[in-house]
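Take a look at the structures listed below.
In the two complexes below, subunit A is the common chain; its partner is subunit B in one and subunit C in the other.
And now, the complex of A and B:
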């Protein structure tokens, strides 16, 4: 049995190695991109061969980058051409489902768990052919895609804010609230109407208030959001981007999201997704990404890829009475007993990069499988639990991964890029938005693309826009600004800014607060109005040299220096959403005004009316009090009055 | 004293003129500025439509084959007769059925066709000769000696719009042509009831409008089974796999839908638009536990408990996100390995909905199972016909109905469906339009925009056209117009702009008006009252003086 597994493993290795060769050569020819980062190299295989006694075994894995980053999104179009192919392993069946869970212990003591479920369906839904028979792919989403001619769809719901400085970069960045961006196919004639209808349908599918997306919060970014899958053109007329920073994410959004999985929450990793634990966390984000991908390296046929991701950060340190220890059961109140039977692969990865000699924490049950991957510009090592193997579950037939910390030391590498934003100023008339972008790289500068979508009721004074780094003015090389129209569309500001090494770049712009009509205020206007996060897309220089494989078939003179041009990775950073107070009237005022005006009118009118209609006569002087009393007595006596 | 009198008169005049200004200028101004926009609606036409009077006309051709009429009788033909029948459903709805019957003798080509050896062939040959329009019928009267039909078969109902009627002994004794027709008449009526509209169909179609008198339990169930008329239907096939760990199910739904369902839907395309899709649901559990029946060593499920099965599954079926048409869900449940084989126990009979899954206990899981689509689709197709409202009442004795071909639907069945659908659409659209008119009439706050008025008049026009086409016997056009009427009326009824000012409460209106109106109107009222009382007093004084 063991021999068989070894054999299989070796075969796996072979497959991946050969695929990696092809990837590398294709990258060479297309001056390609960094979408697929294959982490294995023959050296590790050699290691396995050389050290059969060692318990740990290296497994070749292909870890797709968390955000399937694409170069063009990050920077100028000419510099980074859009990739025309996305590689996926060839599926034997028509469709294929994979699930995985990555767990990363964070230096703050929190635990970051990232689920990813991926369904690839070999079908061509673009060319008008009606797709209607579904197996693993959820029918509801498939119908939406074919009805609205959607090329790519990315939707995320997030509760909480990702603290980049404490937690590092997430695998799947997302802004607080709801975010939706969609590329439509170029056959769509009325994109705005389709977009409106699509948001309404999606709001029904995900039980979210996406129906509040309208033209006042929708923008068409010209450079920031490029297609992540196969795309013929990148005409941003077919792109729509909207965020709802106010959206609260809760169980009612999770349930429909889980329903899209082939196994539901009945088997596989999804049994861990219990809402009472997931929403008792510091950060929760769930997303759905749909895009067309290539089926193989030749890219002759297309597949439709659905990625469902769920990221959650648990604060176990505070709830665990200071004991730094966690397990699957403690996090999710469930343990794993089986993989989803429909899944082609079902794995748990645990990031043990900071713990090579087990001096920091102890992992049990120990797993012999190890894997390496370059994620977010860093070479990480993972312990792998393969749920499709019965051995993983041991004798108790359930898997409860447990980490016990031994020491609390350890530094986190500061993230190379992070950003923050705040509103400055006083009073309710004007204000100033400050956006700070930090480049923590010691010696390299890199360009970032900033996208700001500000609602119309903050009237930006674009002439006050300043970009300064290290006390000097930093002139953006590309600015795309679309002014707002009241009640019609928001401001859109996109800039390509070069961040000098080890610096803070500050962008400020002043604004004036508009006075809304009284029906336009939210039910709780004194809470303030949200302004969505800024989006910073960048190609950040990698800290590791990507290409260390020197056995590749290449001219010798070209392979000495390992560093290549592509040795940078794509990140997208979201800033905090802003909460801005607008001048808020007293809402009982209209009625007060009505009453007051009417009273004034009535008083004026009354006196005028009296003047006009009454006749005035000189009245005889009033008889004195004594005389009146005397008269009453006289009346009683029957005597004529005085 | 005189000056005081003059002053008093002046005051009265001032009060009167202020009142006049308020009434002549103020009230119209207030009226105009607070008016809600209400576009003109064709109310009188809607009222006319509310009293539904429909006339259904069908063209019937009775063709006498050689040997059925004597030469003497033959002189009378061709002949056209009209037959009318009144059907008062209730006081607001009256129907009139009109059959325009044309009698003629068969042409030579038709004679040739009728001499074919089998009825089905004759049917096809007659169809090739002349295509009868939608809604019409041709009845061929064939001699008793004809070999087309079996001896005990009186009437053969073909796949198209033709029927073969065999002359019975009593008809042959008829002397004159009129006598022959009289004796033929009951049989023809029977054929018409079968192949064209019948009272029962039309009453069922009007169930929306007319209070339904439930007859037997069976008929209630039958009438509730068919879906309401709609411009389109979404048909979804779901394969429920409760146990993907042990069964890996494969079904060729794409091919099966193409082979079995698509022909029927193509045929029914004049009635509605259809779309087909399918999905596989894993871990879809039955809501009930089947009982183990040791006598048969199988699990049984009572037919009554099937209702409890639907609810847990329905949550996962998902509604159609992309359209608002009704969804017809067809479920195929494959029992899990622990509850296999599974039987459904009915009152009358024991039905087996089981997928062949013969594997030994030593089989390695998951087991690949290929589902026999022909078996499944047979059941689905029969159910689909019922759900879409194709009635299949048992034929009267002596009738032989040709088996429906690959399309699964005979032409006359489609006609019957179109008759009842047209009537149903017209009834629904009139109900919608009249209730909308009533609602708008009752609630004065509702704004009626021009687009709503336009939809309403479109609906009314389409309704009138549909009624006229029914009258003229153009079934296809009638159905088309009735569908348009339904679309337009629903669009008008569900327009969101109707809701805007629907619930503006009266107390709030008063709260806004009172601060202004009370102090302004009270003095005017008082002075008017005073003037009136003074005038009355003066008159009384005058009267007294006269006396």
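And now, the complex of A and C:
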């Protein structure tokens, strides 16, 4: 090492000497060097000054077709005209991205915010043509769809339970935990194997333990969950539905969900999605919906639609302040500064239907834009903030919508359909599941489709199934029941029940709890086992005529469920999941048994062995000290010892 | 005259430099690895084991800050503390009582969570014997030029580590797993850090080369981790 250091010093010395000689002999060249280094610095300074400005003015790379996104970017084009000749021409992609946020103040003082991000892409995965260029549509999902021949995919992660009676109907219903339902294309030969692979791939994409979905919690509903997009046939052999009620949703699921958005979480409405505020709420649900849609009435071209939705209900009291006031900053700890440059439209809708003369709450900043939409069977009025217009952000260049409550009067529209479910009975052997469905319409009755998927370890006695409305028996017009098979598949019960007006319908079924094998218990079996939510799908009669024209420009939240007729709208209600205790063995018993048995064997065998082989010998006791000295003296004298 | 001395100096400089180049090149490439991986495992369940999840997340943050990307980290957390209903600050996990640094953060990818963290899955990740449909983020795709950090934390005893309060992994099993990795050329160097009670017992049985092991406690000692 020392020699190495010496060598280094010698080398440095040589370098120094030679450079001194070079300096001494040629003076013009050094002056030239200085000039070059000075000239470099202002150039780099100018570059760094230009970089941040250029990054902010990102524009679409479309060269030929005037995509609506260009209209938004055109406003920013004044200072930096992008030379088209420099950009390489991209192939025609025809995709469009829209984002919106709907805020609905609730009567209890809480606030409901629903984000929706929609990408529509004119492409057809069914014809097997290879797609390799992705622009706004995320590549990970595109590859999943083409590899597994998926026609429709709906996945949702929810924390909390939606309280229909206090909050009304949600724009995008979802059950607690994770829910995944997929329609495969009819070219798939082995649907079960494809389903298994698809769940594994999705568990990697969303960082969720979806690989626990297997045949014991997957069902094939025959009547519920019809495709939400366009479909040629509805053979239910290509449909799979599974829920994981125990699945938690946290930042690790939100992070990959945000990465699927075209602008990520850097621009537009997605900057509001901060996990510390979103998960400190009463209800949080994020979902991804992929389905094929028609672009126009004749349906000549198919497009693939991706909707990413996020619904959250913030609680008034957990935020700490007593004042009944909500703002974007209070909800999300962020304000908005710009729309996503890739978005064709970026809007915020505030539901002001209950506030026509500003007597309930006050909205600021004021906005001239108003919009009316028929959603969930009711005509609602919304104040609209258009983020693609610079004037929305005002002089402070940021938007913080503030809702200040003035009075607490007024009642809300009672939801027409509502459901509850609970377990009755005592002990660990038998029990009873009660499902209650409320029809709050004063004079109209309508049919509902109930889907129940119960795991195999709750053995249902279907002969005890009773359906009663208003005290009288109500016979369902359609029942589809698939019995369970231990450790293979769960129970599936689907019924079409007519709910009489202004009534409660009660469905009860008795069950018996099974004793699992000791390896099948979870590490925390005393927590209990979950039974997934029941799903109730219905076409509820609407008070206002629904809009069935798909080509008309409508806000995203009103076009989630397709509307085929004007007099009713589609509603899906999820009940609570159930938590049942199964007879659980004492897992410390094997250790206790081993200890006890070994002790018994050791004591018994040991005693027997001793009895058989122990022999007794006579031994002289040890004499005391005085006697020993006396014996020594006697030995010396030659006299026999004591 | 000047030119001659300059030329002679330059020639001697070149000669000494050539001898040097080989030495410096050797130093630069002596570590022998081309990529880094990390397998961070928290094996405890329930709220009172919050600190184990915080430990794993702290190591995760350090490892990420120092340059290993998420695609090269396999993070296994046996329970969810951040969005647990008992957490007064949801979506946060702190490793110190002053609650200054949120180690959970806003950009985290947990590859194995909840009931997926089992001895079988851990050994399968190490040895690479996973079912074919396992996604890439759940695989340890290391080669013979990978340096791997393996960090285990939880409750342990003399010769074993407890997984999720229901099963254990013994030091013999772990040593055999590392030997399998060595024979299949799945690592160049291994840094094994264990943060449990009596953690030193877990590396007593290692018999594969190129492993450096650290433990937070000796045999017979309690580690309050």
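Details
Simple rule for what comes next: the second predicted complex is superposed on the first by the 470 of 642 C-alpha atoms of A that agree within 3 Å, B and C clash if a C-alpha of one lies under 4 Å from a C-alpha of the other, contacts with A are read in each partner's own complex, and residues count from 1 in each chain.
Assume a residue touches a chain if its C-beta (ideal position, glycine included) is under 8 Å from a C-beta of that chain, and two chains touch if they have at least 3 such contacts.
Remember, predicted model here, so these are calculated numbers, not experimental data.
In the superposed model, A:501 makes contact with neither subunit B nor subunit C. Contacts of A:263 after superposition: subunit B is touched, whereas subunit C is not reached. In the superposed pair of complexes, A:605 makes contact with subunit B only, with no contact to subunit C.
By the document's definition of touching, neither partner reaches A:528: not subunit B, not subunit C. Looking at the shared chain after the overlay, A:587 reaches subunit C, while subunit B stays out of its contact range. In the superposed model, A:205 makes contact with both subunit B and subunit C. According to the touch criterion, the shared surface of subunit A, contacted by subunit B in one complex and subunit C in the other, consists of residues 201, 204-205. Interface residues of subunit B facing subunit A in the complex, by the touch rule stated above, are 4, 7-8, 10-12, 14-15, 18, 236, 244-245, 253-254, 275-280, 282-283, 316, 318, 320-323, 366, 511-512, 515-516, 518-520, 523-524, 527. Of all residues in subunit A, only 4, 7-8, 10-11, 14-15, 17-18, 21-22, 24-25, 159, 196-197, 200-201, 203-205, 207-209, 211-212, 246, 248-252, 255-256, 274-276, 278-280, 522-524, 587 touch subunit C in the complex they form.
Only residues 2, 5-6, 9-10, 12-13, 16-17, 19-20, 23, 45-46, 80, 82-83, 89-92, 102, 104-116, 131, 133-138, 164-166 of subunit C touch subunit A when the two sit together in their complex.
Chain contact summary for the complex, subunit A toward subunit B: residues 132-136, 138-140, 143-144, 146-148, 201, 204-205, 259, 262-264, 266-267, 338, 341-342, 591, 594-595, 598-599, 601-603, 605-606, 609-610, 612-617.
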